[in-house]
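What follows is a pair of complexes built around chain A, which joins chain B in one and chain C in the other.
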Partner chain A sequence: MLAEIGLISTLFAFIAALYAIVASVYGERFAHSHALVTSGRNAVYLNFVLMTVATLSLQIALMTQQYQISYVWSVSSPSMPDFFRFTALWGSQAGSILFWSFLMSAFTAGATFLNWKSQRRLMPYAIAYMMAVVAFFIGVTLFIENPFDRWWILPTGDVVASAFIPAGAVAPSAAQLAQTANGLNPLLRHFGMAIHPPMLYLGFVGFVIPFAFAMAALASGDLSTNWIKVSRRWALIAWVFLSLGLILGGRWAYDVLGWGGYWGWDPVENAAFLPWLIGTAYLHSVMIQEKRGMLKTWNMFLVIGTFSAVIFATFATRSGLVDSVHSFARSEIGFPMFAFWFILTLVSVWLIVWRSSRGELKDDHQLKSLFSREALFVLNNFVFIALFVAIFWGSFGAPIISELFMNTSITLGADYFLQVTPPLFILLFILMGIAPVSAWGAASLARMGRAVLIPLALTAASIGLFVVGGVTEIGALFGYGIVLFAGWVAVVETVRGIRARQHVHRENPLTSVIALYTRNPRRYGGYFIHLGITIIGLGVIGSTVFQQETQQTLAVGESLSLGIYEMRYDGFLANQIAEDGRVMDIAELTLFRDGVEVAHLRPRRDFFPEATDMNSMTIAGAHSTVENDFYVILVNWEQISASSATFKVYINPLINLVWWGGLILIIGTMLAGYPRETMPVRVREKLHAVPQGA
Partner chain B sequence: MTELSWGKTADSAAAQKSRSGERLKFIIGGALLLGAVVFLIVSGTMSGARYFITVNDLLTSPEEYIGQSVRISGAVDGTTIVYDSTNLIIDFTIADIPEDTTDLALTLHEAVNDPTAARISVHIENQVKPDLLQHEAQAILTGVLQPDGTFVATELLLKCPSRYEESVPDQVEETGV
Partner chain C sequence: MRHLMKSFQVLIALIVVVLIAQTVVAQDGTTGAVTDDMVNAIAAKLYCPVCENITLDTCGTAACADWRYEVRLQLEQGMTEEQIIEDFVRRFGDRVVGTPLDPALRALSLVTPWLIIAGVLIVTAYVITRRNAATAAQAAAPETGSTGNRYQDMFEQDISGS
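Let's look at the complex of A and B:
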C-alpha cells in the first residue's frame, strides 16, 4: 500500500512540476495570462504536498519495516534501532535522491511563498528553473532509481525488484524478507554520518535558489539587485548547512575511520568541498554588486558555477565517476545527469550572453585602487576559484583527461593537495585579514596601516604565547600568525564598532552589541564567521603539523607514554552485547597526565553478526581537552586471555578547535542572516522595488 | 563592458591616461597571480602524479614500473591476509580486476576465485588493519614494486562495493515458491 501511495504521489509530483514550468513560462512570456502564471504557482505547492506524501510513505515503510520494498530491505533490518531506521531514508542512492527532490521541492515552495507578492517579474522564471531541477530529480526517482520497487518472485523462481507486479509473480513471505534484510552499513551507524548527508543536501539544494533567481533576472529583464536580495538568505542558509555537512563528515571520519585524521583529500570529500568554495566566492562577490554595482556578469557565472558544482557533487560521489570515467558513462544516471546539466547551463550562458550583448549587464563602477575593498574582493574570488580549479583538477580533471585522451590513468594523491592548496589558503587568510580594514572605492595604504596596527600587535602577542607554550617551528608559527591576524582583525573591528556606537549613542555596552549586530548584521556577522574560520584554521595547523603517534603492545598492567600522557592497560571486556545486536570487545585503559589520573578510556572493536559484508568496526577512545585529543585505537588483542593488547595512540593538538570553530561559524551565519529590522532600510527597499515591479 | 560610467566629469585625457595605467597594473598583477597558480598546479601535478594501472599491467611490464610509485587496484584474497599486530605489518595477495566493470561486487568475486588471474603480494608496514580489509574487497594501493616481485604499499584504500549496490535477497531465492 505504502509503495503504491509513494509511487503515485511521485508520478503526480512529476507532472505538477512539468506543468509549473510550462504554465509559468508560457503564461508570462507568450500568453500574458495572470491566471496561467498563478496556476503554475499552485502547481509548485501541489508538488510540495505530493513530494511530502511520497517521502513520508517511504519513511513510514522504513519505520514499519515493509521489507517487500526493496529499498527498505536493502538499508534496514529488524534489529536496527529506530533512529537509524529513520536516517535510512537517505542511506542509499534511491532514497537519497527522493529525499533530495523533497528538500528541493520544499525550498521551491518556500521561496515561492515568500517572494510571490514582492517579486512578480522574477517569480515565473524562478519557478521554472527551480521546478526544472525538481522535475529532473523526480524523473530520476521514477524512471531510474525507484525507491518504491518491490520484490517479486516470478513463476520461474527468479526474484526481481519491480514497481509493478510482473505477470504471475507472487510476493515473497514477509518473514523470509525480514530474515535476509541487509541492515545499514555499520560504518554509517554514527550520529555524524546520520545527519551529515541531509546537511549536505540542504546546502546543495539551497544553492539552487540563487541560481534560479539569477537566471530569472536574466530571463525577465529585472536586472536590478532584486534577485540578490531575494536569494541572499537562501545562499547563507545553503552555505551554513554545507559547512556543517563538511565539518560533520570530518567528525565522522575522525571518530569512525580510525586514522586520527578528519580530511583525506578523497575525491568524494573534495566533490562536496567544491560547491562550498565557489559558493563562498559568490557570497563575497555579490556584496560588491549590491554596494557598487560591479561584477554583474561575473556573479552570474559564479552562480552557474555553484549550481554546476552542486549537480556534479550530487552525482560524482555515487555514479562511479570517482573510480573511472567509463563506469560513469555507463552508469544509469551518468548520461541523463550530464544532459540535464548541459542543457540548463547552455540556456543560462545563452541568457547571459544575450543580456550582455544588449548592454544590460554593464557595471556601474570600475576597479580603481589596488587596495580598495572591491579589488581585494576580486582577489578573494580569484583565490577561491584557483582553489576550486586546483582541487577539481587533482580529484577529477587529471584522472579523467588522462583516461580519455592518454589511454592511461593518472591519479593525484594527498601529496598533490598538500603541496598546492596551502599557499592558496595562506593567501585567503591574508585577504581575510586586510579586506575588512580596506574601504570601498579607494583606500589609502596609510589608513590601512593604522587599522592593522592593533591586530598586528595582538597577533605578535599571541605568537609569543605559542612560543612560550613550546612551539618553535618557524613554518607553524608563520601559519598561526597569518590565521590569527585574520581573527584579530575581526575581533578588533567588532570592538571598534561597539565603541563607536557607545561613543555616539551613549548606550550601555550590551545595547551597543545588540544594535551592532541588528543594524549591520552582514558586516559583523561576517566578522563572526571569520573568527570561526580562524579557529578552524588554528585547529587544522595544530593537528596537522604537530600530530604525535606511537603504537605498542601492552600486557595487563603495563603502560605506554606519549608526550605528556601515560596510558595503562587495565583489562579487557570481551563479547559485550549491545542493544542493536553488535558484539563489543572493549579494552579498559587509564590515562594519566603528568602522573595524575585524568580519564578512563574504552577503545573497542564492534562486530556485527548480521551484516553480510562489512561486519566489524573500530571505535576509538578519546580524551579531549582544549589543548589536544588523546586518541587511542584498539588494534588487536591476545584472543582468549586478552592478557596483552596492541594500541595505536595519537595526540592531536588543537583538534577540538576545528569542531568549535564550526559552532562559531553557525552562530556567525545566524547573525549575518538575521533580518535587519530598521524602518529606513525597509522603506528604501520598498521605494526601490516599486518602479521595477510596475 | 569596458565603458565607464563612474565619472561623467572624468573624461579628460589625463584621467584617461591614469585609468589605463591603473588597468595595466591590474593586468600585470592578474597575469602574475595566474602564472603563480598555474605553476603551483603544474608542479604539484608533476610531483604528485601516479600511474593508476592494473595488476596485469604491472606484471606484464615490471621493468617499466620498478622503483616508481604507482597506484594499483585489485581484489583482496581474504585467505592470504597475514597481520602482525605487534609490528603493524600486513601482507596479503590481490588478484587482477579488469579496468571496466559494471558490477564491481561480481568482478571482485570472480577475480578472487579465478586461478588464472594475475596476482601480486602486497606488503604494508606501520598500518593498523582496516575494518574494510576483507575477502573480496577492492584494494587501491599506492606504492612501489620491488625487484623481488612484492608490492610495498604506503597507502591503502578499500572499498566494499555492496555498500551502494542492492543485491537480490538470495535466501529468498532459495526458499521461494
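Let's look at the complex of A and C:
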C-alpha cells in the first residue's frame, strides 16, 4: 500500500511541477492572466504536499520494514537499529534522489511563499526555473531510479523489481525477503553520514533558488537589484549547509575511512567543494553589485556557475565519471543528468549574452583604484575561480582528457593538489586580510598600510610565540603567518567597531558587541566567518605539516612510542557481536603521555556478514586534546590467538581546530544572515540614528 | 710506497667482501631492516591500481596487501624509492602515482591549470579594460540617436524590434 501511495504521489507531483512551469510562463508571458499565474503558484504548494507524502511513504516503509519494496530490501535489514533505518532514506541512489526532490520542492515552496508578494514580476519565471529542476529530479525518480519498485516472482521463477505487477507474477514471502535483506552499506552506518548527506543536499538545492531568481531577472527584464536582495539570503543559507556538509564529510572520513586524514582530494569530495568555491565568490561579489552597481554580468555568471557546479557534483557522484570512494552511488542516471545540466547552462548563458548585448547589464561604475575594496573583491573572485579551475582540472579534466585523447588513464592525487593549490590559498588568505581594511571607490596603498599595522604586529608576535613553542619549520611559520594575519584583521576590525560604539554611545562592552552584530550583521558576521576560516587554516597547516605516523606490530604487553606518547597493546576481543549484527574485532590499548596513563583506546574492525559488498569497516581509536589527536588504526592481527597485532598510529597536531573552526564559521554565517528586518521598529530606528562610521 | 699499496689492496678487498656479503644477505631476504614505516612511506606515494583513488598504504584489500608486500621485497632487494615507483608505473601505468611520471602527462597535469588560469586572467583584464574604455567614450560623446536615458533607449530598441 505504501508503495502505491508513494508512486501515485510522485506521479502527481511530477504533473503538478510541469503544470506550474506551463501555467506560470504562459500566464505571465502570453495570456497575461493573473489567475493562471496564481494557479501555477498553487501547483508549487501542491507539489510540495505530494512530495512530502511520497517521501513519508518511503520513510514509513523503511521504519516498518516493508521488504517487498526493493529499495527497503536493499538498504535495510531486520537487525538494523531504527536510527540507521531512518537514515537509509538517503542511503542509496533511488532514495537519495527522492529525498533531493523533496528538499528542492520544500525550498521552492518556501521561496515562493516568502517572495510571492514582494517579487511579483520575478516570481512566475523563478517558479518555472525552480519547478524545472524539481520536475527533472522527480522524472528521474519515476522513470529511472524508482524507489517504489517491488519484488515479484515471475511464472518462470525469475525475481524482478517493478512498479507494477507483471503478468502472472506473485509477491515473494515477507519472511524470505527479510531473511535476505541487504542492510545499509557499512560505510554509511556512522552518525556523520546521518547528517552529512542531508546537509550537502540542502546546500545543493539551496543554490538553485539564487539561480532561479537570476534567470527570472534575465527572462523578465527586471535587472534591478531585486533578484539579488531575494537570492543573497538563500545563497547564504545554501552556503552554510554546504559548508556544514563538507565539514561533516571530513569528520566522517576521519572516523570511518581509516587513513588518519579528513580530506583525501577524492574527485567526489572535490565535486562538492567546487560549488562552495564559486558560491563563496558570488557571496563576495554580490556585495559590489549592491553597493556600487558593478559586476552585473559577472554575478550572473557566478550564479549560473554555482548552479552548474551543483548539478555537475550530483552528476559526478552518481555517474561513475571518475573513480572515487563514493562509487557506491553510481547508476545509469549519468547521461540524463549531463544532458539536463548542459541544456540549462546553455539556455542560461544565452540569456546573459542576449541581455548583455542589449546593454542591460552595464555597470554603473568603473574600477578606479587597484586597492579599492571592489578591486580586491574582483581579485578575490579571480582566485576562487582559479582554485575552481585547478581543482576541476585535477579531479576531472586531466583524467578525462588523458583517457579520451592520450589513450592512458591517470589519477591526480594529493601530490598534484598540494603542488597547485597552495599558492592560490596563500593569495586568498592575503586578500582576506587586506580587503576588509580597504575602502569602496578609491583607496590608497598608504592608507591600507596604516590599517594593517596592528594586525601585522600581532601576527609577528604570534609567530614569535610559535617559535618559542618549538616550531622552526620556515614553510609552516610562513603559512601560520599568512593565516593568522587574516584572522587578526578580523579581530582588530571587530574590536575597532566595538570601541567606536563605546566611545560614541558610552555603552558597556556587551551592549556594544550586540549592537555591532545586529546593526551590521553582514560585515561583522563576515569577520566571524573569516575567523572560522583562520582557525580551520591553522588546523590544516598543523595537521598536514607536523603529522607523525608509524606502523608497528606488537605482542600483547609490548609498547610503541610516537612523539610524546607511548601505546601499550593489552589484549584482543575477537568476534564480539553488536546489536545490529556486526561482528567486531577489538584491540585493547592503553595510552601514556610522559609516563602517565591518559586513555584506554579500542580501535576495531567491524565485519557485516549480511552486506554484499564493502562488508568491513575500520573504526579508529582516538585520544583528542586541544594540542593534537592520537589516532590509532587496527591494521592486522594474528588470527588464532591475537597474540600480536599491527597498528598504524598517527599524531595529528591541531586537527581539532578544523572542526572548531567549522563551528565558528557556521555561527558567523548565521550572524551574517541575521535579518535586520525582523528587529523591532523601535530598535531599528535607534540603530539607524547611529552614524555610519561608528 | 709498497706498504701503502698493500694497505690500499687490503682496503679494496675489504670493500669487495662487504659488498658481496651485503648482496648475498639482501638476496637471501634476511636483512630484517625493512620496517612497515619504510614500506608505507613508498606505498603512500602509490595509488591502488584497482581500487578507487585510494593510496596503497591505506587500502584494505588483499590485493593491496600483496602489493605492499611486494614493495617490502623490493626494498629488501635494495631497490630505491624511485626505482620501486618507476616499476609500478611501468606495470600499471601512470594512474598509480599522484602526478604522472611521463613527461608529457606530467606537463599536461601541472601546466594546464596555470595556462587556463592565465587565459582567464587575460580575458578578464581585456573585458574590464574594454568596458572601461567604452564607458569613458560613451560619457565623452553620447551616441547619435540616443535619448540620453539608457532605459528609454532600451524601450525604443524594443518597440523598433531591433
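Throughout what follows, the second predicted complex is superposed on the first by the 659 of 694 C-alpha atoms of A that agree within 3 Å, B and C clash if a C-alpha of one lies under 4 Å from a C-alpha of the other, contacts with A are read in each partner's own complex, and residues count from 1 in each chain.
As a working rule, a contact is a pair of C-beta atoms (placed from the backbone, for glycine too) under 8 Å apart; a residue touches a chain by one contact, two chains touch by 3 or more.
Because the structure is predicted, anything quoted here is derived from the model rather than measured.
Q: With chain A superposed, do chain B and chain C clash or fit?
A: Clash - chain B and chain C, as placed by superposing on chain A, overlap.
Q: Based on the superposed arrangement, let me know which partner A:Glu4 touches: chain B (first), chain C (second), both, or neither?
A: A:Glu4: touches no partner chain.
Q: Can A:Pro172 be said to touch chain B (first), chain C (second), both, or neither?
A: first
Q: Could you say whether A:Gly413 touches chain B, chain C, both of them, or neither, answering first, second, both or neither?
A: both
Q: Please indicate which partner A:Thr646 is in contact with in the superposed arrangement: first for chain B, second for chain C, both, or neither.
A: both
Q: Applying the document's definition of touching, compare chain B and chain C: which contacts more of chain A?
A: For chain A, the partner with the higher number of touched residues is B.
Q: With the two structures laid over each other on chain A, which partner does A:Glu473 touch: chain B (first), chain C (second), both, or neither?
A: neither
Q: Under the stated touch criterion, which partner chain does A:Ala390 make contact with: chain B (first), chain C (second), both, or neither?
A: In the superposition, A:Ala390 contacts both chain B and chain C.
Q: Going by the contact rule set out at the top, does A:Ala161 touch chain B (first), chain C (second), both, or neither?
A: first
Q: In the superposed arrangement, which partner chain does A:Glu558 touch: chain B (first), chain C (second), both, or neither?
A: Neither partner.
Q: Mind working out whether A:Thr550 is in touch with chain B, chain C, both or neither, as first, second, both or neither?
A: Only chain C is touched by A:Thr550; chain B is not.
Q: For the superposed three-chain model, which listed region of chain C (4-12, 22-30 or 40-48) is the one that clashes with chain B?
A: 40-48
Q: Overlap the chain B and chain C contact sets on chain A and report the shared residues.
A: Of chain A, residues 258-259, 266, 324, 327, 362-363, 366-367, 382, 386, 389-390, 393-394, 398, 408-416, 419-420, 551, 553, 616, 618, 646, 648 contact chain B in one complex and chain C in the other.
Q: Quick check on the complex: what are the chain B residues that touch chain A?
A: 1, 3-6, 19, 22, 25-26, 29-30, 33, 37, 40-41, 43-45, 47-53, 71, 83, 85-86, 88, 99-102, 126, 128-132, 134, 142, 155, 157, 160, 162-164, 166-173, 175-177
Q: Where on chain A does chain B make contact in their complex?
A: That would be residues 70-71, 73-74, 92-93, 151, 153, 155, 157-161, 170, 172, 176-177, 179-182, 185, 187, 258-259, 266, 297, 318, 324, 326-327, 330, 356, 361-370, 375, 379, 382, 386, 389-390, 393-394, 398-399, 408-417, 419-420, 423-424, 551, 553, 612-618, 633, 635-636, 646, 648 of chain A.
Q: Give the list of chain A residues in touch with chain C in this complex.
A: 257-259, 264, 266-267, 322-325, 327, 358-360, 362-363, 366-367, 378, 382, 385-386, 389-390, 393-394, 397-398, 401-402, 406, 408-416, 419-420, 549-553, 616, 618, 646, 648
Q: Touching residues of chain C toward chain A in the complex: what are they?
A: 35-37, 40, 45, 47, 51-55, 57-58, 60, 93-100, 102, 104-105, 108-110, 112-114, 116-117, 120-121, 124, 128, 131-132, 135-136, 150, 153-154, 157
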